[in-house]
Amino acid sequence: MSDEDRPDELPQGGGELAQVGDPVPDPGLPEEFPRPTDVDPALERRAERQVVAAFTLATLLTLGFCVAYFAVPEDKTLFGFDALNFTLGMTLGGALLLIGAGAVQWARQLMHNEEIVEERHPIESPEEDRETALNMITVSAAESGFGRRKMIRNSMFGALAVLGLPTVILLRDLGPIPTDEELRQTVWAKGMRVVNDVAGTPIRASDLEIGQLVNAQPAVLVPTGNPQKDKAIGVLQGVELLDAKARAAVILVRMVPDEITPPPGREDWGVNGILCYSKICTHVGCPISLWEHQTHKVLCPCHQSTFDLADGGKVTFGPAHRPLPQLQLGVDSEGYLIAMGDFVDPVGPSYPQMERD
Amino acid sequence: MHLPLIRRGPLRRVSSWRRHRLAGFAVVLVALSAVGGVYAAFTPDTATADNSQSDLVQEGRKLFLVGCSSCHGLNGEGVLAGEANRNYGPSLVGAGAAAVDFQVGTGRMPMSQPGPQALQKKVTYTPEEISALAAYVASLGPGPAIPPDEYTDISGISQEQLTEGGEFFRTNCTACHNSVGAGGALPSGRFAPTLRGVTPRHMYEAMLTGPQQMPIFSDAVITPEDKRSIIAYVKAVEAQPDHGGFALGGFGPVSEGVVVFLVGMASLVAATIWITSHGARVTDKTAKASTDSEADR
Amino acid sequence: MTTSPTVHKPIEDTKTGQAAAGPVKWLDERIRLATLVKVFGRKVFPDHPTFLLGEIALWSFVVLLLSGTFLTFWFVPSQGEVVYNGSYAPLRGLEMSEAYASTLDLSFDVRGGLLMRQIHHWSAMLFIAAITIHMLRMFFTGAFRRPREVNWLIGVTIFATVIVEGFAGYSLPDDLLSGTGLRIAEGLMRSIPIVGAYISYFVFGGEFPGDALVARLYIVHVLLIPGILLALITFHLILVFYHKHTQWPGAGKTNDNVVGPPMLPIYAAKAGGFFFIVFGVTTVLSALFQINAVWNYGPYNPAEVTAGSQPDWYMGWLEGGLRIMPNWESTIFGWTFSWNIFVPGVLLFGVLLTLLAIYPFVERWVTGDDREHHLLQRPRNTPVRTGLGVAGITAYGLLWAAGGNDILAVWFHLSIYEITWFMRIAVFIGPVIAFLVTKRICIGLQRKDRNIVLHGFESGIITRSPDGEYTERHMPVGPAEAYRLSEHERVSVAALPPEVDENGVRAPVRRVDKVRAKASSFYFADVVNKPTREELEEAQHHGDGEHGEIEAGDEGFTGVTETGVPKSS
């Protein structure tokens, strides 16, 4: 440690070094006593046997792993687990543990274990090195003329700095710039049937009972079975289907009409007490279908935002700010439930330009 | 004088038993059995469906009055108690046999104490009594019926149905009941219970009747075949071995986090303590003791 | 007293030595082998359990590299759709991404694949757990002080990087649980003011979920971040080697030396053995405990979710923040600011990292202490720093518990709303209470140490003088223990210079100095300092005769245990 670190006066508000003898002098390193294995040859042999046993058992377990890999059938169970995973894991794990334990036991009991003392060196470079280094830098700076030739220096920095631009610009095609329509609109359109999720069957109002919940989707996500027809009517598939579903998934709930308090202007958005809401939480987008039919509230399982579906999807608890968007329902000529247009409110998580379109 | 005959003959036993203090009871018992037996033998066997059903309904009514009417009303019309028209016990008109079979069959009803929700507990009625109660409630008004076996018998489910059942399950059920049916939290102390150990019939009835806060999934929207597929999937997941080790209840990352610290880091920290431990040392005293013992050997 | 075996046969005279001489010379002529051995061969490493915590992390990293490489031979990082036809029956015939299908194949159709998947995931969790505890150890013992500030910053960077790496890793299989996590991440991106939607579209290549993310995350997870981590960890270790390890105060240990076993052979054997133990524990965990059972979750579908959706444990605190944050969102000049998401999800992470990174510099500013420190501080001797650390752990722990509030509600039959409200308040009050309690406990322990140095250990033997005075006799503390308890530094509160100096010239104190003096008082005002030489001498004289220090062997007395209970012979 250099002398600079030994203060002449107390640093402001710091601490003093433990001065030698303050208040008790350093008694020096304690006496080291031998281990039982150092004095008793019988114990030493025993420790040696332990280490050898550990390594030998490890070897056997490793071989056991190799046998188990081929011998244990993949569908067999053991203690209610997969037998293969269990045996492979226990043999390999046991072998590794025993190798480790053997090595550590060897070090602890048998290796010569006297502690040694090493002096610390100053962390910083020695004075001559610092001077030499500074000298080198000064000389090479002077030789390059870096300081003198300001035009070269500045134009070089300019050229290098500008290289940052291609780096950023090359990333432009990572993704499209979202348009306001893309962010706002979903695939729902007037006349589109509301169909069952998974089954894809259309739904009549009379199919629902009071207290029922249906997980639903737009009809355009359901393949008809005929690829040509699908193409003709624009059925979505693959990634487009998932992208659309991520914002168009809905739930249908049926309540006693007297218990519903529709927001102004939305009195006719339901059909016989059946209301349609977005399934996508307005907090960070988890799908919601935890509907408590007696309290009329849906709970999002992710962060517990709670929406009252009898009261326009208002938030009654939790971190979501905006009410759950409602979809206007109607009935088509065959009596099936349809959407009467796209969502009016933004679906899913908020985004910065939400109010600006 | 017939005395010698009684003393010696076959009637001797009967005669001596005649004076037994329980003789009177025995006579009455014999008489009743005789009358009952004759009556049973001569009464026409009217075990037609209607009649036995109405018997069942009557029996159910008797059980209902004793065990259920205090909360559900003498005629199942419900009991309003407390403020704001909250039902002390809801009306059972239109609840249907399926609801009764589920609620009573899983022990939820009769509800033993008020709480956020009725908990599953020991079933207090025999299966016959449950049928009777179900028949009675069904008679109060049309409602969901107990499903036929073809929809609750999941043996022989096809691969396609099993996979589709999983899709239905993940879309409609896991939000409350979790991916393996371990259950989940609802507001205000309520919860969606575990599906482990629930019979296929009760699962079907729960979907059909929407017990307590659970929504209703009517047969018109989730068809009986779809319900069967869902049940088959749930049972398949329940029956599968815990691939990879203890499933820790199926609660996912939270249980795994607990294991990381309580099992993983705890054993590794124990290992660090062992590795760096000073170990036994031979001080002068113990060295003397061991050399003494060596000398003794 | 053991000595190194005095008969050292020079290695070049042994058979092995002679056999190896040729190749070793060849290497040395090309890569200066001998100097390397000279520098590292007998390097000293102090022995203490808390010094091996970083090693748990290091060896877990090696296990991650090995198991991860195995997985890359089968995992397909693509969101292209494929129909599953493997052994897992409940999902057969289902359309799913190739990423998910290949993960199912690894779990059920590649022998040892499930074991490797679990080893990989368990060691990732252990990796981050070890880093966290290691970082806390550094904090509580003051190991971040000069010259180790740079190493601390590297460590904080590693901490931040591995959290991102873990999140990327478990999102690769494209299952329902991690997909839900990605959905939440997309919502977090959208909450970034002004540019949120653009960032989201750029990361996902368009709308959520898109089909680009798994492939992009894959390269981040197997190439970019491991490369960064390798470099960071290497620098981290180089600095540890160069600075030499810190050590606990004790007899014979000073700020200018390092005491411990040498690298070869003991430390190499222990460290090498520990690698096998870490690997072994991870493997046994993977044999006994299921982790990330993706087959139960099903492939990702944005209209599906499971109850009890949580991220892996190390993101739990952020999840908790998201759950308890009130639903504040505002519109300013037409731009929407989602405070309810941005503050707990994005800002909080940044706040934690910033606090961690600047702490060494803040403490240095407060204490004015710029000397090199190679002796660790016992946590009790820095009550305020320890209190702040415990307060931080309390806040983190409460947020972490809040992240599992629905699981807590199910396990303990509570209401989730009540848990949420409790956490909203506790997350502010809890750390304050924890700070106050911890500080007082530390000060109490300091008092106890001071008393031991001054008077020795309480023996539990009470004597009554003829006047009726009861006193307790003390067992003298040995010089080594007394030294260990008093090797720390004496501290004092920084005094403000006078506003007017001795010549009557006004030198107004700067605002920042006033703040510093206040902070110094906050740190040091209540600290119990060790006794001075004079106080110790006075105490010893005071003890002579009157209080009767007990000598060993007095009436069969053979000493006391550390808690002052007389030992039975």
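Some points to look at:
Each chain gets a letter, A, B and C, in the order it is written, and its residues are counted from 1.
The rule is simple: contacts are C-beta pairs under 8 Å (C-beta built on N, C-alpha and C of every residue); 3 or more make two chains touch, one makes a residue touch a chain.
Here the structure is a predicted model, which means the values were calculated and not measured.
Separation of chain A from chain B in touch steps, taking the shortest path, is 1. The pair with more inter-chain C-beta contacts, choosing from A-C and B-C, is A-C. With centres computed from Cα atoms alone, the innermost chain of the structure is A.
Our note on geometry: chain A versus chain B, Cα centroid distance of 39 Å, whole angstroms. For this pair, chain A with chain C, the centres built from the Cα atoms lie 20 Å apart. Chain B and chain C, compared by their mean Cα positions, are separated by 48 Å. Touching two or more other chains at once are residues 33-35, 38, 82, 85-86, 89, 104, 108, 197, 215, 287-290, 301, 304, 317 of chain A. Residue positions of chain C touching 2 or more other chains: 47, 108, 114-115, 118, 270, 273-274, 277-278, 281-282, 285-288, 301, 303-309, 405-406, 416-417. Annotation for chain B: residues touching 2 or more other chains are 167, 171, 175-176, 184, 186-187, 192, 242-246, 275.
Considering their complex, residues 116, 159-160, 162-163, 166-167, 170-171, 174-180, 182-189, 191-192, 233, 236-237, 240, 242-248, 250-254, 256-257, 259-261, 263-265, 267-269, 271-273, 275-276 of chain B touch chain C. Residue ranges on chain A touching chain B, taken from their complex, read 33-36, 38-40, 77, 80-82, 85-86, 89, 104, 108-109, 196-199, 201, 203-204, 206-215, 253, 287-295, 297, 299, 301, 304, 306, 317.
On chain B, the positions that touch chain A within their shared complex are 164, 167-168, 171-172, 175-176, 184, 186-187, 190, 192, 210, 212-218, 220-223, 226, 241-246, 274-275, 277, 279-283, 287, 290, 294.
Within the complex, the chain A residues that touch chain C are 1, 5, 7, 10-18, 21-35, 38, 69, 74-75, 82, 84-86, 88-90, 92-104, 106-108, 111-120, 123, 171, 174-178, 182-183, 197, 215, 217, 238-239, 242-243, 245-247, 249, 279-280, 283-290, 301-305, 315, 317-322, 348-356. Against chain B, in their complex, chain C makes its touches with residues 47-53, 56, 89-94, 107-108, 114-115, 118, 122, 125-126, 129-130, 133, 176-177, 270, 273-274, 277-278, 281-282, 285-293, 295-298, 301, 303-313, 316, 404-407, 409-410, 413-417.
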